[in-house]
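In what comes next, chain A is part of two complexes: it sits with chain B in the first one and with chain C in the second one.
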Partner chain A sequence: MTGLGTAVREFLLAFADDEHLMGQQHTEWIGVAPFLEEDLAFSSIAQDELGHAAALYAIVAGDGDPVDDDLRIDELAFRPSPGDWRSAQLVEVAAGDWAHALVRHWLYDAAEQLRWEQVAQSSLAPLAEAAARAEREERYHRRHADGLLDVLLPVPDSGERLQTALADLLPLAVGLFDPVAGEVEAVANGVASAPFDTRLDEWTDRVRRRFDVDPSQIQPAPPTGRLERHPDFGPMLVRMREVMDLDPAAVW
Partner chain B sequence: MGRTWTSMDDFEAFLDGGGIVEVDDDMPDAYRQAVFAFIEMHANSELMGGLTERDWIPRTPGLRHKMAVLAKTQDEIGHAHLLYMVGADMDIKTRREIIEDLFAGRSKFHNVFHYQAKTWGDQVAISFLVDAAALASQQAVFKNCSYGPYRRILKRIISEEGFHMRMGEERMLRIADGTEVQRTMFQQSLDDWWWPSLQLFGPDSKPGDVLLRWHIKSERNEVLRARWVQKFVPLLMSYGFSVPDPGLTHDPATDSWTSGPIDWEPLKRTMAMRGPDSARRIADAAANWADTHWVRRVLDNAPARAAGVAA
Partner chain C sequence: MSTDLLADRVRTAVATVDDPEYPGISIVDLGLLESLDTTPDGHVAVGLIPTFSGCPALSMIADDVRSAVDAVEGVATVDVRWLGAPVWRVDRITETARATMARDFTVAVRIGRGPVACPRCGSPTDEQSMFGPSRCRAVHTCPTCAEVVEVMRA
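Up next is the complex of A and B:
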């Protein structure tokens, strides 16, 4: 393969941005989760997601041949202009409470499993390798979220909190499946096996079984092609860049 | 049931002979209380230290850097987790009671975590100065610790803290070789964190200190403190930073550094929960704890198959 081409770069950046921001969101829970085991679990999961993001950015930064260079990875991972990001709104919205954090963790990871499957046989070898590594970690993420939901969903008080979070987050979560720029080309040259939205029904079915919701009630937010940022994104980006923006010449 | 001793003299002779106490031994109550209080403060400090650092994790300048600092803070919370279990096994308080006493402001944690990390420089200074001071204290406990469960946990904690200190050192070096903005920021952090870090060792050990007599501590506070000063003063100066101690003296004959008079009032204030950031720290932690009560309540009442995930 000689270079990724603009379209495939865009396709990979959308995935990398989602992984980065999902990890970013999980980092907020260290020390303030309901009990210490959860502090530890969320921070392990966050590290895994940030690691997936780093692997994807490294492929893009090296134009298909992953680089091991923090500065080049960070040039992509901290793009200053919100309009240049390709993240889904699900990972941009701030989780108001732990119910939202847990439900998002489940919704995202259910979709993430399918998303890695789309590139498990990728013609881009480093991407297929990243998919194999990611799945080894993701099965634990899913087991973690399911273990908690198994106990918390059937109880009236906690079940209601989780259903409220689900109602807030589901429209944004469906946005994970919005076609992204470059996907057509990525599928055409075997980087991905099929467009991601071909897996939407399977994911919706899992949501229905997990939360006992009627899928017809799932109203996706209007598709934006991932070009519009959630209102919570701006403050998050400022926070992420706060230290690096103190001095553009500094290396930390 | 483990071992029993006929008298305190008998017990102390056992300790002096290098004896290791285990959780099921019939240890004297005064020893149990003293060891528990020590472990409780260590555990609380690991947790509050993690909370001090967490504010800056989402702002870490770099993606893989962010993974590293998150792993570091995760280690600190992990230490708290291990220590709370060791403490709870002593049958004085449950783990829940220890944490709730902390968040109610009823128990102690190290002075340094009564301050706020206000800049990224503070974050680096904590993993450099504070972690080094904590590590020195822990190593001195590990060396001769008579309480077996604590000693075994300390072995792991110390190996992880060694990594943290090296990580702090590496980050400090990058700042030292960095821009004027970085160096100015870090000097400010040194000015703010030098004295609290030094005070972390505590005032000179008293002659009758039971922690020394019962082989919990193996070295006197003033010895550990002097060694830390001796290590960090020349190191910081070699990178062109200054140490905010006007009374600092250098003995050219022995090439040794001695700190000036130490004001212990700031330390006393933190121990009375009146440190610069004590009230906010405790209030925030208590509010977060209250906000997630609904989760614990359900898990506490969950069937046994789910008990593995409950606190």
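Up next is the complex of A and C:
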């Protein structure tokens, strides 16, 4: 397939940006997670999400075919202007405590599973292939998050912290399902099987079963079409671009 | 040169490239080589598959393969690329490589869902951490010989 078209490109960028920022957020815990196994887990999970982002950016940079060109991927992955990003606010909000990190990890990965399913049969072969690789990796992410929640949710102190984090994050998490630019065209071309918001009920159900929350609590933040960045995004982008901005001509 | 002979030489050259995580273990034995095509006039295309999406060593491995193949007599051009499919699986690792990993690195390879055997004493190991020192390795311990065992998994 040659020539993605602007619409499909936008659709893929939204997915890539989410994966990229989720990976960057997880890296914040390297070295400061509550115990060693969590350092290892968050760094490995971050590496996977960054790998998925690179695969998606590569499809966009290669205009349909994956490119093996880190510079072109970096150009997309580190766009300097916040207005050019298409990420969801869930992955832009700054890290809180570890309960916050764990709840975001679970909420994001529950949605991510469904999102890869939407493109598992994609007409865009490299996207379908990326979905197959990602699902194999995501199983470990879900097992990790569920394993911790199984232990921590029933304990009074940690359970309360997790529920507080959930109340903060849920309105933003629902925004993962907001229709994004290019989605209609992506579905029409068989790049995705259906709009992502067709999976919202299933995800909400999983949230309810996992956290025992009343679904009426989930009042989504107003949809922005992913055009408005969370206030925490600016400082994060500066940090992400710090090394690159030191020497924009550097070759890695 | 016949294409068969050229292909043999190229395959041998690719097999000299070790995995950066396991010095002494060839990327061919790890199952990374998926396709190898040669033409009578010396054009070579090598297709590799990554063990996992976020592997940071991909460009390093591709560079090593390119240099190794470039040095083969009769090679005119080399095209090395990472393929999107198939998905790499641990059962692509050869028996030879598994034996070296067990002996030199105390690394076991997890095939299927059953218990993992300790590379030292063969006892079933206990999982301590799903994630280990690198993305494709979990950490187990052996209750019998007290060895820490790293387990290579998908």
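As a working rule, the second predicted complex is superposed on the first by the 251 of 252 C-alpha atoms of A that agree within 3 Å, B and C clash if a C-alpha of one lies under 4 Å from a C-alpha of the other, contacts with A are read in each partner's own complex, and residues count from 1 in each chain.
Everything that follows uses one rule, which is that a residue touches a chain if its C-beta (ideal position, glycine included) is under 8 Å from a C-beta of that chain, and two chains touch if they have at least 3 such contacts.
On a predicted model such as this, the values are computed, not experimentally measured, just so you know.
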| task | Please indicate which partner A:Met244 is in contact with in the superposed arrangement: first for chain B, second for chain C, both, or neither. | result | first
| said: Touch test for A:His52: chain B only (first), chain C only (second), both, or neither? | reply: second
| query | Is A:Arg143 touching the first partner chain B, the second partner chain C, both, or neither of them? | reply | second
| task | Mind working out whether A:Leu40 is in touch with chain B, chain C, both or neither, as first, second, both or neither? | result | both
| Of chain C and chain B, partner touching more chain A residues | B
| said: Looking at A:Ala132 after the superposition, I want to know if it touches chain B, chain C, both of them or none. Which is it: first, second, both, neither? | reply: second
| said: Applying the document's definition of touch, where does A:Asp70 land relative to chain B and chain C: first, second, both, or neither? | reply: both
| field | Where chain A meets both chain C and chain B, residue numbers | value | 36-37, 40, 43-44, 47, 50-51, 54, 70, 147
| note | chain A residues touching chain B in their complex are 20, 23-24, 27-28, 30-40, 43-44, 46-47, 50-51, 53-54, 57, 70, 73-74, 77-78, 97-98, 147-148, 150-152, 155, 157-158, 161, 236, 239-240, 242-244, 246-247, 249-252
| note | Interface with chain A, chain C side, in the complex: residues 52-56, 58-59, 62, 81-82, 84-85, 87, 128-135, 139, 154
| query | Any idea which chain A residues touch chain C in the complex? | reply | 36-37, 40-41, 43-45, 47-52, 54-55, 66, 68, 70, 125-126, 129-130, 132-134, 136-137, 140, 143-144, 147
| What residues of chain B sit close enough to touch chain A in their complex? | 47, 50-51, 54, 56-67, 70-71, 73-74, 77-78, 80-81, 84, 120, 171, 174-175, 178-179, 181-182, 185, 285, 288, 291-299, 302, 306, 309-311
